[in-house]
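Naming follows writing order (A, B, C, D, E and F), and every chain is counted from residue 1.
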Amino acid sequence: MNSNFFQPVDAAAVPRFAGLSTFMRLPAVASAEGLDIALVGIPWDGGTTNRAGARHGPREIRNQSSLMRRAHHVSGTEPFSIANVADVGDLSVNPINLLDGLKRIEDGIAAIVAAGAIPLAAGGDHLTTLPVLRSVARNVPVGMVHFDAHSDTNDRYFGDNPYTHGTPFRRAIEEGLLDPKRVVQIGIRGSIYEPNEHDWAVAQGIRIIYMEEFVRRGAASVMEEARGIVGSGPTYVTFDIDCIDPSMAPGTGTPELGGFTTREAQEMVRLLDTVLIVGADVVEVAPPFDLGGMTALAGATMMFELLCVIAGSVAAGRARQA
Amino acid sequence: MNSNFFQPVDAAAVPRFAGLSTFMRLPAVASAEGLDIALVGIPWDGGTTNRAGARHGPREIRNQSSLMRRAHHVSGTEPFSIANVADVGDLSVNPINLLDGLKRIEDGIAAIVAAGAIPLAAGGDHLTTLPVLRSVARNVPVGMVHFDAHSDTNDRYFGDNPYTHGTPFRRAIEEGLLDPKRVVQIGIRGSIYEPNEHDWAVAQGIRIIYMEEFVRRGAASVMEEARGIVGSGPTYVTFDIDCIDPSMAPGTGTPELGGFTTREAQEMVRLLDTVLIVGADVVEVAPPFDLGGMTALAGATMMFELLCVIAGSVAAGRARQA
Amino acid sequence: MNSNFFQPVDAAAVPRFAGLSTFMRLPAVASAEGLDIALVGIPWDGGTTNRAGARHGPREIRNQSSLMRRAHHVSGTEPFSIANVADVGDLSVNPINLLDGLKRIEDGIAAIVAAGAIPLAAGGDHLTTLPVLRSVARNVPVGMVHFDAHSDTNDRYFGDNPYTHGTPFRRAIEEGLLDPKRVVQIGIRGSIYEPNEHDWAVAQGIRIIYMEEFVRRGAASVMEEARGIVGSGPTYVTFDIDCIDPSMAPGTGTPELGGFTTREAQEMVRLLDTVLIVGADVVEVAPPFDLGGMTALAGATMMFELLCVIAGSVAAGRARQA
Amino acid sequence: MNSNFFQPVDAAAVPRFAGLSTFMRLPAVASAEGLDIALVGIPWDGGTTNRAGARHGPREIRNQSSLMRRAHHVSGTEPFSIANVADVGDLSVNPINLLDGLKRIEDGIAAIVAAGAIPLAAGGDHLTTLPVLRSVARNVPVGMVHFDAHSDTNDRYFGDNPYTHGTPFRRAIEEGLLDPKRVVQIGIRGSIYEPNEHDWAVAQGIRIIYMEEFVRRGAASVMEEARGIVGSGPTYVTFDIDCIDPSMAPGTGTPELGGFTTREAQEMVRLLDTVLIVGADVVEVAPPFDLGGMTALAGATMMFELLCVIAGSVAAGRARQA
Amino acid sequence: MNSNFFQPVDAAAVPRFAGLSTFMRLPAVASAEGLDIALVGIPWDGGTTNRAGARHGPREIRNQSSLMRRAHHVSGTEPFSIANVADVGDLSVNPINLLDGLKRIEDGIAAIVAAGAIPLAAGGDHLTTLPVLRSVARNVPVGMVHFDAHSDTNDRYFGDNPYTHGTPFRRAIEEGLLDPKRVVQIGIRGSIYEPNEHDWAVAQGIRIIYMEEFVRRGAASVMEEARGIVGSGPTYVTFDIDCIDPSMAPGTGTPELGGFTTREAQEMVRLLDTVLIVGADVVEVAPPFDLGGMTALAGATMMFELLCVIAGSVAAGRARQA
Amino acid sequence: MNSNFFQPVDAAAVPRFAGLSTFMRLPAVASAEGLDIALVGIPWDGGTTNRAGARHGPREIRNQSSLMRRAHHVSGTEPFSIANVADVGDLSVNPINLLDGLKRIEDGIAAIVAAGAIPLAAGGDHLTTLPVLRSVARNVPVGMVHFDAHSDTNDRYFGDNPYTHGTPFRRAIEEGLLDPKRVVQIGIRGSIYEPNEHDWAVAQGIRIIYMEEFVRRGAASVMEEARGIVGSGPTYVTFDIDCIDPSMAPGTGTPELGGFTTREAQEMVRLLDTVLIVGADVVEVAPPFDLGGMTALAGATMMFELLCVIAGSVAAGRARQA
């Protein structure tokens, strides 16, 4: 362990319900300077078309993340020993002004990236991923592994409005932030507006793996393909909590029956361990619709799973440079 | 698309939380005349022996059905383009008089049938299926695909009372409404009153597929057998929400551990696409015991799944006649 | 009773849980033509700075309004016998675009006003009252009786944003929609940003009656003063549900301890019976934060109380004209 | 203290969450023989026209009654020292057959009365009071102090059905069980079906004290009148939990804003200490609609308040006989 | 059936919501004398390091166990016909004194064992299993089948405290109550304090089957190994409800994503039918964190599953002796 | 305003749901050095005899305190301008060892007192007040204003255990920490173990003002007497949230009907403005039993009310010294 790395509070010394609530019980720091990975909250849901509430996600994910411990029981990874990680707080947001909200998020992530840290964000709704990508992919389009019930590549809402949580990846492709041929969407399901609703996405080169295909093939096969799609280039991972079944993640705005079990989701994220992750998020945890913190716990746990694979990647990179 | 068919409100134009709440956001109409499929509520739970509340089912199923869209993401079916569907409201009920309640439901369904529409009902407890069958099967016994944790073929309760939600199919067979040799029950499980509790049903010819057999064989095999059992004759489909696991459908009166996942349930209903469905229902959604609308969402989604297969059947029938 | 007036469904014939959910179980109509009073939903909370959710208010208020009956037990008023009232549905809204949202609401209310009906609206957050006033007070500034925990006369948020649910009445005065000398705010309380926070409002001429003054004087004295302030001119009544104590109205975004009991609120509204009400609303009912529908029931009941005084005013006006 | 009287479990010895759940932590006994007061559950809501659930009342009232202690802090009464009290369990009920349900309740109470005990019942909906009165008032009409939001003297529902929880006292008067001139109803409020809805009751001689009159006069004045109305004759006390404000008793089927505080209700019941109570009940606690057991706690506490005044009456009678 | 054996109340005669709440609706008895199996509550959570509440477990498990019936639908076992079973109530506990609490539990179980009955306990937190083992394994170390998300073999907490719900099995091995070579832990998962956290347990000879191994192998294979590990010697079965996935058992203190489905858990327990069970428990059901009784229902059902295999074992032993 | 004093985050700049959660949105500091008032959490409920959960109080009170603003709307006090206030975090606690828990709390408060700051604590159960008094009153007995439903002067529980949340003030008097003649208890009510239960307390000189006396006299009269009792000497204020009515503060372990309204409680605390407060707490907020954060909001608001009077006292003292 690098003795200069931040360490979480030990639950065998300080009970989990005590102390200020931060991601993984890590120290709260003022900036991302010196961090390998910056855990950051984006409490904003200005793009939500139906049930808002993801603005409250970061606080509740922090609360539930008090249940995380220091090591991964399968991989043995100790993320806090191999990477410097801390909670950089919440980004500045604007709950009543969509364009200003997007700008603030973009700027906040830009500061993290400029500090040399990888952002691992807790949303917020899925539109937050667009300004995150604007900063993470400022210089070069990235690939993306996208876990979700919805493709989020729609075009316009309520007239001619281009920005909602149903449109971020259409915008991101149009803006050159994503390389659509290096994008894979996994878990898509649920009734759709039109049978050809996903034609645009597919035409761009996005690979959509519907839930039914996942059920047939299993996580190992699907993730082997996903790793092939994103390859060795810089890749963003976005995890919309509604990819999980509503019984396991009820606290979200647009639930769809027949989703992943958390077991399946954990297995998939663990298989990202060879991917060069330049940023990641867990979005659409909406506490006002949650039940007993179940969804926030799922969000916190998926953040921990992502943290372990990112930390492994950081350590591997450091080893290569040494 | 037949331009005269009713269309649901588009959520990209009117948000899901806006407007009057109807099944699938379809127009509310005064009668079933001109409809192919009549979505109808039966807010009655007079047969419930333990936890009442299914009387509130239709209202909450309507609310949650606002999350449905126009097309099925697996089959591509667009039910509202190939069949005329609307919300005909709730049947007249009597919450304090069992026999009058049964009569009103029978009459209400009879009017739908007389109008030439197929009823797709949201209960209500499972006793509501008995008066529905009295109208749907008035002329000829029907087959039945029955998803449930319980066989509902018991005989008497609280002394000599013949009508409860534990007895509808015993009564239906006695009344000649069901052809027991064309009845299959899927998902039966849970502790039982007596080891021989199901002997009567089996003796009539009903095929009971317990949950454990389903787990061994899988949906495809079970539904192949089910389709064989009901054959090409007129068939009723009844979906008791308690066939689903209590973690996914907690809002019901008689939960039993170890049920179907919603994924399994969806797969099974999709495999009904070759069956001649003359009526269907989703029953036992009891909102006072629900958690965050989860059960009502499951009920609404299963209604949409049923709607898609029924609409396909309607369109096929129309094609044959053309 | 005018036999042409719309009548609510009778709960002794059709149970309260049955049938489509409309305000007071009245018919849903397509336009306000022919109505004296139009019950209308404004499912929009685009101005909310903290906990959103009032967008879901109209649906739940409709559900709880099924508990209302035909006559007022104190005044004896039968609103549906002396005025033509119906549910005109929800206004068109835009949940992701604030300015477009305001415009749609203004237009929707304008249509009701143009039809000659008095709008009685269910919000929505308190910013919805601004566009309502833009249509109701298009020609002449109105007076206002304002029940609230907050003055809602702040200026800017999150930088230079002028429109939030904390600013509507500053904007309305600036726009000449309100005559501030005919405005009274009742129930104001809770910690404040600055000791001089209300100076601007008072300087305009608004009379602020803090909760503590109400407690000392009682409803009768306070309302006598309020009636004097608004006088005989056209007056708008806006009822922010957070004027009620959080224990009785928990489902709201900005609760403040020490509020009105519902008993006190009912007494106050009943004392508006001599006021010339040209429009009214009940706002800030936020179902995602509600407990057991308690807040929506309070909202529905306050709508009924308002309806009775407005109907009395309508009938009196009609009598004068006859 | 009579050393033969049953005593509750002491919470300083056995924590409140431990042990089988009985009323007031008293012993469960098989019959009312030897008791002065029989605490009894009537888990039946067959007369409920809207939201059922009072069938679950006795169990949750028992749970919450574990918070009761041995003595009354105002009167100093120690009910278990001056009267023999126990939990006689639940009456036999029939949830699906109204007439059989009424008969079973009548028989169950008859057995308690025959044993010489005063029944103090936990309902159940308010229709349960009718069969209770059939046994308590079998020989002579009784007076009644009736706390409620509703008069419950309606006539017919859903066609020609005479028995619902809205009709028990019309039936009881018709059957000669109540002396209407010795009946007082306190707390009546809420919108009504017709302005003349209570004319029948008033014509029989019932005194209705609406909530607004109570607010003006206060508990002492109202109860002085009430004691005068029932006089020294045998009197039944029925406490519908919906007399309490919905914020304090949300778990009930027909909530009405503006009800009693529990403080007011406690004060009123304490002022019954001079009344000759021959039976009492607390009804309409509907746990499926309750919040955190709040309503059941209110029900349990009101039972304890009633118990103290009944025990005082028992002891006084015993003293007179000695 | 042995006509002297206690029988549960029949739900077709007395509805499930009626009557005093006991385990499986069996009679409550004062001692274990004459019983084969004693159902007992241990309402104590003094060892809980995070979210307390398991003290309320027995009461809610009793409530939900009203849904159990007389026979097992897969094995056909009728436990109440082949073994004498009753509810012996709750053990004496001390919620504020850990060491006294442990002593009281040990004594309470000792009395059951001395009476010749097998204890089947409802906890309580997992530290309760330690004093249970002190009585069950007083004379000879026992084997153990341990279903759990956590190994519970930690050493010290909050300084030098040896007794928490994270340490019972380390203490039990140190005290010679368990034969670690006959102990198998199934379902272990979740982030851990240190990568070598389980080394001590493994070094003692405990076989840990992590969740991921279970997923690969399935219940049949895992349980075959488990039966081999415990062999034919006396064996304790402890079922920590947090082995179940949090979506199915949210009401527990230390939830971990990715757990067993209840279907898998039921299958595993059924495969214990050849094991010589000398005691068993279901622990860590914490009702204050439960959702709609879901976790208590899971606990009650797992108790019923355990009861069926224990009853089978009792009957087999009796047959051998006959 | 002293520009060196800590200021809360401004909700018009950063929305209330954003940022780390601290008391009143103040900075989190590592020690009390330089503070006038230290806001501190004591997440410990080791003395709870019934429903635990107050250990989770500080976290939820922090969350709800985000609704507080900078100034008091009645007194105009700006606490953060006249006193230096910050959040010093949670004290070290031990959830499984009562005596160690008490020692840790005593030490933690001692450090705050040694730093010259006045502790304003969020409990925790009421036993936490005992170790707080051990540090605050180390040198001289203090007076106490005690708002509570219970006297908390019992002696022994579960045998011979002297320390529970029912005994702190008997112990404090025995230890010479309180001057009983300067102690007043306000709001005591609810059924009691024995009629003479409070005799010991009264004999020591404690003045008990039962709820019924408060209702008769009103807050002004009662608080005048209370101020007289504590006089000008150092005084501790302890506010047990269960003094508030259960409908307004359901999230507590031992609710008693008929409590203070929050309006009354606010009025009383405001009348403490002339008292020399040397420490204060708000205890017994138990989030697992709370509804929608209502009780935590009440706790946070009462902390703000206390803060305002303490800050006024601090400023007055500073003025005297200047």
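Everything that follows uses one rule, which is that a residue touches a chain if its C-beta (ideal position, glycine included) is under 8 Å from a C-beta of that chain, and two chains touch if they have at least 3 such contacts.
These numbers were taken from a predicted model, which means no experiment stands behind them.
Among the other chains, which touch subunit C and subunit D together?
Common neighbours, subunit C/subunit D: B, F.
I'd like to verify one number: the distance from the centre of subunit B to the centre of subunit D, where each centre is the average of its C-alpha atoms, in whole angstrom.
One centre to the other, that is 41 Å.
Could you state the distance in Å from the CA-based centre of subunit C to that of subunit E?
56
Can you pull out the residues of subunit B that are in contact with at least two other chains?
Touching at least two other chains: 15, 17, 49-51, 55-56, 95, 157-158, 245, 247, 289, 291.
Determine which chains touch and list them pairwise.
Inter-chain contacts occur between A-B, A-C, A-E, A-F, B-C, B-D, B-E, C-D, C-F, D-E, D-F, E-F.
Under the definition above, what is the set of subunit F residues touching subunit C in their complex?
For this pair, the touching residues of subunit F are 10-13, 15-17, 67-74, 76, 78, 245, 247-248, 261-263, 266, 291-292, 294, 297-298, 301, 304.
Tell me, which parts of subunit E touch subunit A in their complex?
Residues in contact with subunit A: 49-51, 154, 156-158, 166, 188-195, 197, 210-212, 215, 245-247, 250-251, 254-259, 289-291.
Within the complex, which stretch of subunit E touches subunit F?
For this pair, the touching residues of subunit E are 45-53, 55-56, 94-98, 100, 157-159, 161, 163-164, 288-289.
Which residues of subunit C touch subunit B in the complex?
Residues 14-15, 17-22, 28, 41, 43, 55-56, 58-59, 62-63, 87, 89-90, 92-93, 95.
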